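Look for chain A in each of the two complexes below; its partner is chain B in the first and chain C in the second.
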Partner chain A sequence: MSEFHAPARREYQVSASVLEEIKREKKVFENPIKPLDFDVRVPLQSLAEEGRLSLFPNISRVSVGMATCGRVAGAQSITRALSERDWENQACVVSVGCLGACYAEPLVDIRSPEGRHYFYGRVDNRSLWSIIRTAQGAPSAQHLWAVAQERQTGVLRGIHDLELIKLENTSFGEFFHPQVRRISGRCGLIDPQNLTEYAAMGGYRALEKALFKLKPRKIIDIIVAAGLRGRGGAGFSTGEKWDITSRSPDPMRIVVANADEGDPGAYMDRALLESDPHGVLEGLIIAAYSVGASQGYIFVRHEYPLAVQVLRKAIASARKVGLLGHNIMGSSFSLEIGVVESAGAFVCGEETSMLQVMENKRGEPRLRPPYPAAQGLQDHPTLINNVETLANIPWILLNGVDAFQELGTTKSPGTKIFCLAGDVERMGFIELPLGTNTKVLVEEIGGASEQSVKALHIGGPSGGIVPYSGFSLDYESVAATGAIMGSGGLVALGTNSCMVDMARHLINFMVQESCGKCVFCRDGLPELEAMLRALCIGQAHEGILEDIEELSRAIAEMALCGLGQTATNSVLTTLKNFLPEYQAHVRGKCPAVHCKPLIDFEINLTYCRDCRACYLVCPSGAVKIRSGKERFIVDQQLCTKCWACYETCPFDCIKITSEEFMWKN
Partner chain B sequence: MEELIEIIVDRHNMLVERNIFLLQALSDRGIAIPSLCFNASLGAYGSCGLCIVETCKDDVWLPRHACLVRPEAGLQIRTASPRIQRLRAHAARLLLKRGPFLKKEVEALLLTLVKEGTDSMEPSRLAGSLEGSGENHISLDKRGCLLCGLCVRICRKIGKCQLTFLGRGKSLRVGLVSGDSATVACGSCRACRHICPTGFITPDARQAFTARLYR
Partner chain C sequence: MSGYIDQLWEQLPANERQVVNILNKLQTENGFVSRDLLIELADRAGVPESQLHGLVSFFNTYRTSPAGKHRIRICYGTACYAQGASLINDRLVEELKLDGSDTSPDGFVTVEQVYCVGACSQAPVIIQDEEIKNRIKSYQVPLLLDDLRKKV
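Right, the complex of A and B next:
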């Protein structure tokens, strides 16, 4: 055979001069469309090409934000109205996730074939026509919020590839301007149910790199070097956790993504799962590969039906193309991922009780150590990471450690998603570098004025309430104020919110959610709530503040799990920071004029024009008409403090007081 | 032969076994720590909150549940201090709200603990802490049970699995969830009745945890 081949090869030899000639003529071969770098293992490139067709079609692409926040605002009827329309091949309608600006929902983004994006916020029936006209190729300026242009037409890896060219609604720009969208950049741009669109945005490239170019050990080293900290709340080093799990002598290892976020007001996990589920899946697969796990689970909160549905679809479509299951991408690594729905209790988000639930037991925390990284699910080493932590992994692998550490502080590098809610103008989920000042978040992005915010509630019910001031948002600085970072929920409390009532409300939540195992948490918290309620209704006994503090400390010291130990944080921080308010409540006054039993309604007759609106609207007949100088008075015995008269009075004559304190709007 | 290690209890050196819980080790040596939910054969649970001791770590005394601490060599422990007494008093006061208990010695123990704890308080605050504040949130039919979980654990340990906790937080209760089969049905062994510290389970679990209306 060799004799046969030898002359043939010589025949095809090319001389050096001919080679030079070919090189010079290279332009002839250059195709406007780049040739596919086709990979037999997983057709990532062909998936991406397919996704590009649907992301950048030749017709207008109308994307409607259909995450939970959009649906609540009425995006479903908008989608129905748009998709039922006969577009005559001028446009297509797709459902995408949430862009983050939840206050602007329903949000519609129209991409013209030239790569121009028209954003319409707070869409209703009136603005539908503008949307339709824009989609038909005749942009309408009416109801338009912003226009952005793709920096390079047909290249969109995230929201940072869009350049703002026209801003009709300035607050929309202010909301996005300080943000750095690394891990949530794809949210709201891609169809979460469509794997190909994720691939078109460079998805699963990190997994390919991890499987074929990096050894598991090397990936763990990268994560350790990056200094990524767990985004679930405690801020434990992710790399170290991976390292402990990977060094376990037990060959059977399990990876669990914790998506059971119960903090009221925090929904970063939901946003990621609903808008970009494949980003989380990719992180989970890489984590499983690095620690050598063969089973993966995603523990999702039961109250997130859309997230569960999207996630199941994502897993199924990833399996279909060979990104999950046996021999992922043709490598020797296999992984199955299952979705577990939680039982709907706050305590189940704690990692040990989460494992109990997964073993079909009662959701009660168990004692640590042994830590789950050494002995977790069914006593096998279990790596538990928050969804947001996992979403960071692909970014770090693709962009490197140095790029990751560019933002953030030395101790907490990277970006973090915060959920802003409360007394601010613009709420939503916001990605910022760690260490950003709270003023940027609340005032620039949230749009609240400095005087209108009294306190910040950080870290959910186990977090704390701290006076509003400018401090840096990283794990250490937040802990120094007495609160905890938690999962990143941030509630701005306005000047009219009562701190005692807020603490009572949070303790009430904890009373409902305590598992009931140990006596301090089970019976101590209801007693604490009773004392706080006594304060709010003006029936405090002497020395109540000392009793509250002592009981809170006792619960924090002696409770068995993280829930109980942090349950009284809200009381302890408010006692420390807002003691005068507590003292006023002991005397039966509410400085914020909020607690109903402590406030009085009066009618200021100076500006009264006798319109009788208050008299007519009062449901309990407490507003009385009299003859003489005092024409209208409020009967305090009958008044139910429903605020109806205050809201109705056209001349602002209703005065609400709590002794010397007066309600200011 | 169990390996013995030395720990320091109230400034006295003491040899204890390594693999048992501190509460067990102390009571073996004749040091009485009040406790209502511990049973050596059922393992640690940490429900009643009475067995509080202080352990020393880096010169800081931290209160811990003795039933959940494993002895380490050189561990320093304090079994009595004003702080311990106060914490025990808090736990005892909270448990007393679940009374009245059928066994009077339980009530007597809890009352003594409350009294010991309040002795170390300033007299001005004594009144408020003894009577407790606010209303009692525990409904009448659940009075008398400490929710120590001993009955649930023993039932599971002997393989019957008839008892379980139901609900959570304030509404936590022990419930009898009996199976269909007559052979595993509750009523014959009465292990729970013997182990119950307060005498709540009379004459058996079926009676105690169902039909509470007419008792």
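Right, the complex of A and C next:
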């Protein structure tokens, strides 16, 4: 296959960027020893000392969670209010990333000079005064969520160095209790824009060890022995990938960090990049050193503007202190890292598609083999690793293979970050050992009751929707349910979610994201969506379910890339697991009372207090006021089923039905 | 406009001169990618214009025609959809009388869907111009639009 592909692609006009690469390579070759503008070794020690001063100041340190989730919840105005204040040298205000408890945003953590951390969740103007008082040294119990103490004052390498001493908000404790924060431990504690704080938490120690104590081959052996599997979805052995790239006869090698996190519902890469970008960078530099690459790229989503901004800053500051660029830390190893911003295409997370875009082409995936690890960007061997995978690397080098394998299963060792969203109490990103039961995640951490969750949507749009039950979260067990682990996004779907509409929505997403190369994916998916739409509007034909299944299987079989092959997973898994719901739709009923054309709105006057909210809010004049016993009625002819009356009624008087099925609150 | 592309080109370090990076800049700075700029870019990057059209039509972010004065993007990620993103969309379509087009007839608002901005814990979210708003209910849509109209 590779012989067939190679000549055709070599004919491609050499682009300007390649020419420059060649030029630069030559320059490096001609002038291998560049004058160093810093000491022979980067003084990690002094960076760490500087970081310790800002992490552990002798005044109060007020950290506000300012990742995207925090900003959305209103952290910016909190930060503004706190930083504009004259603290008279009693406190300093810092913007940090996300602690993982996204449901608790805006989250404020106040560290007293004695090493005590006071956490305030869901901060608003009312709790500001408590925060100010605590920062001034008079801790206020009002609005307080939790207090934790550094086990040894002035030692903080991650959240595991904190010991909970007081818990005012039990759910906050339940959220963190089962978690193991290995690679996300620094998130939300350090200022992501400040390299020295990362260094103070033991950052770049793994890189130092790699450059001066380990040979590239040895590092690859360690990663192979650790059994680390790619966290982006496929679960391919990371060490093996490195090995393939490092053995290539081509001396020009490239590393790429895949931060094109397209799975809706998964945002661990965003969280890592926004909260702890140097952890990812360190992993990428080590990867480049191990496979002998001198050029690195980070391919990141355009939808994450903050992550891009933080990342660029991180690269610039690493460069400034000699952790990137020529002769890293005074060694003979040099690396440049460039940022490429994707512009919103799900398929670009697929590695060959991503490389096409980086070569200025339409992001249509190509056949593999040749795999990018052997022949990738501009035909050079290209190592592509997911952001979370890279963040694991420094941890493994510092703590060793045995420590890494202590958690997780034999086949999938280590921890994994999951993102929990949907119909649960507590949402956020959660790090757990692989193989943890779904019940721990959804019920213990998420705080949902068993009955309230109907199904789990695992692995993004390519994943599947499976009935909620307890199963182990590792690559094999999830695959056994018919879904895929994907990048670890879990959306809990409550009893009110319609599985048919959900499948239709996901197929609609795939229709938009299909690159159009393969006929079945390009033309089959819209056809499939039309059939699912017919179900949702009650116009299904006889035998539609058989047609849907047949077409779904055909698309999966005939597609070239992972997108097409998995595009219909959501339909196939819902058909298998929720067949009665499909059958009800054929009869024109929606058991989840969700599909607009199949539902009716009524007003139950038993608890009605005549507040007229429904009448005022109805945009189409469908809610009518009449004299007599039936004071309010919904005119079914005019009703647009916008749910406005239901959402506004303070007394739950709006009854929604789909014949015998009723909406349950 | 001449020299604009050159200027963008020069701003980027050599290893970041992928056309997608430049297209992103064009989109953010102008709100859309015009044909003229595309031709200029093809010239500068040494990439056939047809290939650039291929790229522009491939990505969701790029527009080839100017957007309305304001831009409302509704997150259609799974979590937001499960929490009622489609109701917000339907209400916007109704309020703005969008008839197949994504921009209101008076050019006031453009409504688009975006797939996940990674703020799933705050679902459903919308991005109004550059500001993300959380936990939106469909009945708030008219109020949102009123606020927008008051903004000059």
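Basically, the second predicted complex is superposed on the first by the 582 of 665 C-alpha atoms of A that agree within 3 Å, B and C clash if a C-alpha of one lies under 4 Å from a C-alpha of the other, contacts with A are read in each partner's own complex, and residues count from 1 in each chain.
In this section, a contact is a pair of C-beta atoms (placed from the backbone, for glycine too) under 8 Å apart; a residue touches a chain by one contact, two chains touch by 3 or more.
All values derive from a computational prediction rather than experimental measurement.
Once the two complexes are overlaid on the shared chain, A:270 sits against chain C while remaining clear of chain B.
In the superposition on chain A, A:621 contacts neither chain B nor chain C. When the two complexes are overlaid on their common chain A, residue A:546 makes contact with chain B while staying clear of chain C.
Residue contacts after overlaying the shared chain place A:344 against chain C, while chain B stays out of touching range. Contacts of A:531 after superposition on the shared chain: chain B is touched, whereas chain C is not. By the touch criterion defined above, A:154 lies against neither chain B nor chain C after alignment on the C-alpha atoms of chain A. Look at A:514: by the touch rule set out above, it reaches chain B but stays clear of chain C. Of the two partners chain B and chain C, more chain A residues are in touch with C.
Contacts of A:497 after superposition: chain C is touched, whereas chain B is not reached.
In the superposed model, A:597 lies in contact with neither chain B nor chain C. Overlaid on A, the two complexes show chain B and chain C touching the same residues of chain A, namely 345, 362-363, 512-513, 515.
The touching residues of chain B, when paired with chain A in their complex, are 44-49, 52, 62-63, 65, 68, 86-87, 90-91, 94-95, 97-98, 124-125, 128-129, 132-135, 137, 147, 149, 164-165, 167-170, 172. Within the complex formed with chain C, the chain A residues making contact are 13, 15-17, 20-21, 24, 68-69, 71-73, 102-103, 105, 261-267, 270-271, 295, 297, 302-304, 336-346, 357-358, 360-363, 419, 421-423, 427-428, 457, 460-461, 489, 491, 493-494, 497, 502, 505-506, 509, 512-513, 515, 617, 619, 640, 642-644, 647-648.
If you check the complex, the residues on chain C that touch chain A are 13-21, 23-24, 27, 45-47, 51, 54-55, 58-62, 76-84, 86-87, 90-91, 94-95, 114-123, 125, 132-134, 137-139, 142.
Those residues of chain A whose C-beta lies close enough to touch chain B in the complex are 345, 347, 362-363, 367, 511-520, 522-527, 530-531, 533-534, 541-544, 546-547, 550-551, 554, 557-558, 560.
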